[in-house]
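First the structure, then my questions, so here it is.
Think of it as A, B, C and D in the order they're written, each chain with its own count starting at 1.
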Amino acid sequence: MIQVTVWNEFRHEKKNEDVRKLYPEGIHGAIAEFLKGADFSVKTATLDEEEHGLTEEVVAKTDVLIWWGHIAHEEVSDEIVARVHQRVLEGMGLIVLHSGHFSKIFKKLMGTSCDLKWREDGKHCRIWNVNPSHPIVEGIGERIELEQEEMYGEHFDIPTPDELIFVSWYPGGEVFRSGCTFSRGNGKIFYFQPGHETYGSYYNEKVQKVICNAVNWVAPKDHLYPTYGHFEALEKEEKQ
Amino acid sequence: MIQVTVWNEFRHEKKNEDVRKLYPEGIHGAIAEFLKGADFSVKTATLDEEEHGLTEEVVAKTDVLIWWGHIAHEEVSDEIVARVHQRVLEGMGLIVLHSGHFSKIFKKLMGTSCDLKWREDGKHCRIWNVNPSHPIVEGIGERIELEQEEMYGEHFDIPTPDELIFVSWYPGGEVFRSGCTFSRGNGKIFYFQPGHETYGSYYNEKVQKVICNAVNWVAPKDHLYPTYGHFEALEKEEKQ
Amino acid sequence: MIQVTVWNEFRHEKKNEDVRKLYPEGIHGAIAEFLKGADFSVKTATLDEEEHGLTEEVVAKTDVLIWWGHIAHEEVSDEIVARVHQRVLEGMGLIVLHSGHFSKIFKKLMGTSCDLKWREDGKHCRIWNVNPSHPIVEGIGERIELEQEEMYGEHFDIPTPDELIFVSWYPGGEVFRSGCTFSRGNGKIFYFQPGHETYGSYYNEKVQKVICNAVNWVAPKDHLYPTYGHFEALEKEEKQ
Amino acid sequence: MIQVTVWNEFRHEKKNEDVRKLYPEGIHGAIAEFLKGADFSVKTATLDEEEHGLTEEVVAKTDVLIWWGHIAHEEVSDEIVARVHQRVLEGMGLIVLHSGHFSKIFKKLMGTSCDLKWREDGKHCRIWNVNPSHPIVEGIGERIELEQEEMYGEHFDIPTPDELIFVSWYPGGEVFRSGCTFSRGNGKIFYFQPGHETYGSYYNEKVQKVICNAVNWVAPKDHLYPTYGHFEALEKEEKQ
């Protein structure tokens, strides 16, 4: 059974009553809830726990880490980021949600600013599936309609994704590469745009389905980690 | 259960005793054998059967088609090629093996000449895994060693693969992109280099494992086929 | 000096007075006009000329072919398509515009249906630059605004582009990968969406700039064509 | 005229007489020499200069930075790495040579370990061109033969390159993706394998030609840097 750890900075929910009402168990709680229903083994971890809840032991046992952060990216310790980074390179899957685009771990894995345009206007958005045979879009159909979502607009400063899965449309006139895969070392990564804290995107069934599909897709398989360093020749020395 | 059809032109085995001894049930028979052991539902089809064994019914029921051809590519009818092509676009997986690089169906899907360098010298080769977290290399480790394989060398005239999985090394001094994925329409495609008719590569356990992994990877999931053509606006007309 | 041939089926202009008024010298004439101003050597060719204006001699001397077609794709002879295809593989650049997505040559190079959603509604569109350091977007800035353009919507059934350059936004709610590069053999290809026959997109300065940039980008450089076929070992035989 | 800065850690040349004899003006000197002959404006900078020779002013005026380092990667200050990283995102081209794969700047841009297999055995290598129409291989032909080069072998732990240009063959039995392009922000990056300090690869004319071609390819064009952050809707508010 795939072991998922849902990480949330869990600050909006404490400070803002609207967010608390929308996500009474926290954003991590809402995500954990539907993942459990999809037959994954799920734990949560949050910023204010010791080591942000991401101890060596937790990270070592995690197959897939889901990351939601927004206003406290800078409070995440570099040591924990390095630990998570190393574990991704070793094969742990990572799903970065919404404002997690600016998290230390995503920026460290991407090597770019990960900047974008944004606007909170309470309007709808439409997430188009541009990769119809990808495992992450199984059961999704040609698009996802969200009644309210924050606008994220291009240019999105990421490296060329390995695979472009979704492109979003916003009524204000913008587009966004809203579902992208990457690999780094042995680890697979999926970035997915929905999830502003005052809108209910994580209650949307298609959003849930995408995240469940992505957990399966980023989860490590039975792979050997490559060997590196000095290497003896495989071919025998030719006679002189 | 995934329905696999193994297609072979089945001519070398009839004309050449060495090939017949090596593959007494035909190359298709040898491939079908290990696929059955891996819990797939497997049928075979060959060039000299009616409609090359690829009737509308057979093609419609096939999830994954495996293609081996070499000396009789031109005898494959354009009508059957068009049928297989259409079915790939609709979602059927396709695995093209070895000299199938020059098959009509592969060239039609690629849009290029699919040409390469080659040499039959009875020497060994080494297939390096350059994509260690890909599902197709699960259980393979860092390389596959084959005691004998035909040399295929760069430049291999294919479009940029979606994913590069294997790069081969040959003692004569050549390299080759020997494992490549592509998608066309809703269909996934995997090209894999081993399989010269007078060497026993399809008895190699790692080659078998790669092909089994690839069957799972190219097999269609529960996806909706996109809709095309005239499309009414989703956004309501703005008031004038 | 780069030799450009602008090919147009040149039928709308003959049948439809609105198109004729908009493009009195034909779409090919309008495109040739701004290309000449950009210091390219430019010729035109059209469907109803002998060999569609694409004789062996013309094709052999063309560095970059620009293709506009819409209602008469089926009238283009397979022989000429094969000639152009071969020349692209040998290194000729190809720019496919707008409804050329359904041309025989583009489908042959892509290997897919090249289908899409569409709607002629006389509305505006916005073409977002998602690849800001690419030579094709030099001088373009972050977007192109067109007052009127036909809607082309996802899913666009093309292989994964080598590079995604533009994504378009339409007021009806759709998005489209509207600028894409591909390579096939030694040839470079650029697909660009604008250019419905009743709107004036080829008079837009940024559209013109993109096409000029693209001519430079797809034009063949001083490259050797690879050698294929039987190949002697480069490494000396090891002594036994 | 493109302004190139060639950076070298310049330590081997001071410590090892063989290296000093081979590169009496330093590796940076040898590279600068052939770049000047190719009509670039060239400066050099080395580790032991103040700010490693990469002051704000130098970096601001550099169009293309070439990086060679090996035994002193850890001595490069994080502040200078951050400065160079920021400038790459803004558009400066970067060419990373040989053992620079382990430099702080390359690892920061890649997000991976950048690890590989290696062996110094004084043997030859063969660098195959797998992207024959790319500007970086103009004039190179199908391969580069080097009499001596350090073996670098797969797996090379880098993100999927935007473009794979070269694959190397080594007599010991290994292969390596030895020429790769990436983009990060507005900056283009080229990694190129040759250049062990005790072999004379930078005197090889084809290696020189590749580096000159790459300087042209990574050099920034006249591009606007994208705007990021809060963004007002482009579409007018619909009437209620």
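Keep in mind that, in the parts below, a contact is a pair of C-beta atoms (placed from the backbone, for glycine too) under 8 Å apart; a residue touches a chain by one contact, two chains touch by 3 or more.
Predicted model only: the values in this text are computed from it and were never measured.
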Completion exercise
More Cb-Cb contact pairs, comparing A-B against B-C, go to B-C
Problem - Candidate from A-D, A-C or C-D with the same interface as B-D, over half of contact pairs in common - result: A-C
Fill in the blank from the handout: Chain-centre distance (mean CA atoms) for subunit B and subunit C, in whole Å, is 31
Problem - Inter-centroid spacing, subunit C versus subunit A (mean Cα positions, whole Å) - result: 36
Completion exercise
For subunit C, residue numbers touching 2 or more other chains are 126, 129, 132, 142, 153-155, 160, 162-163, 171, 173-174, 183, 185, 226-227, 234-235, 238
Handout entry: Complex interface listing, subunit C residues touching subunit A
Key = 126, 128-130, 132, 142, 153-156, 160, 163-164, 167-169, 173-175, 177, 238-239
Exercise for the section: State the interface residues of subunit A toward subunit B in the complex, per the touch definition above. Expected result: 91, 126, 129, 131-133, 135, 137-139, 141-142, 162-163, 171, 183, 185-188, 220-227, 234-235
Practice task
In the complex, go through subunit C and note every residue touching subunit B.
Solution key: 85, 89, 108-113, 115-119, 121, 151, 153-155, 157, 159-160, 162, 171-174, 182-185, 226-235, 238
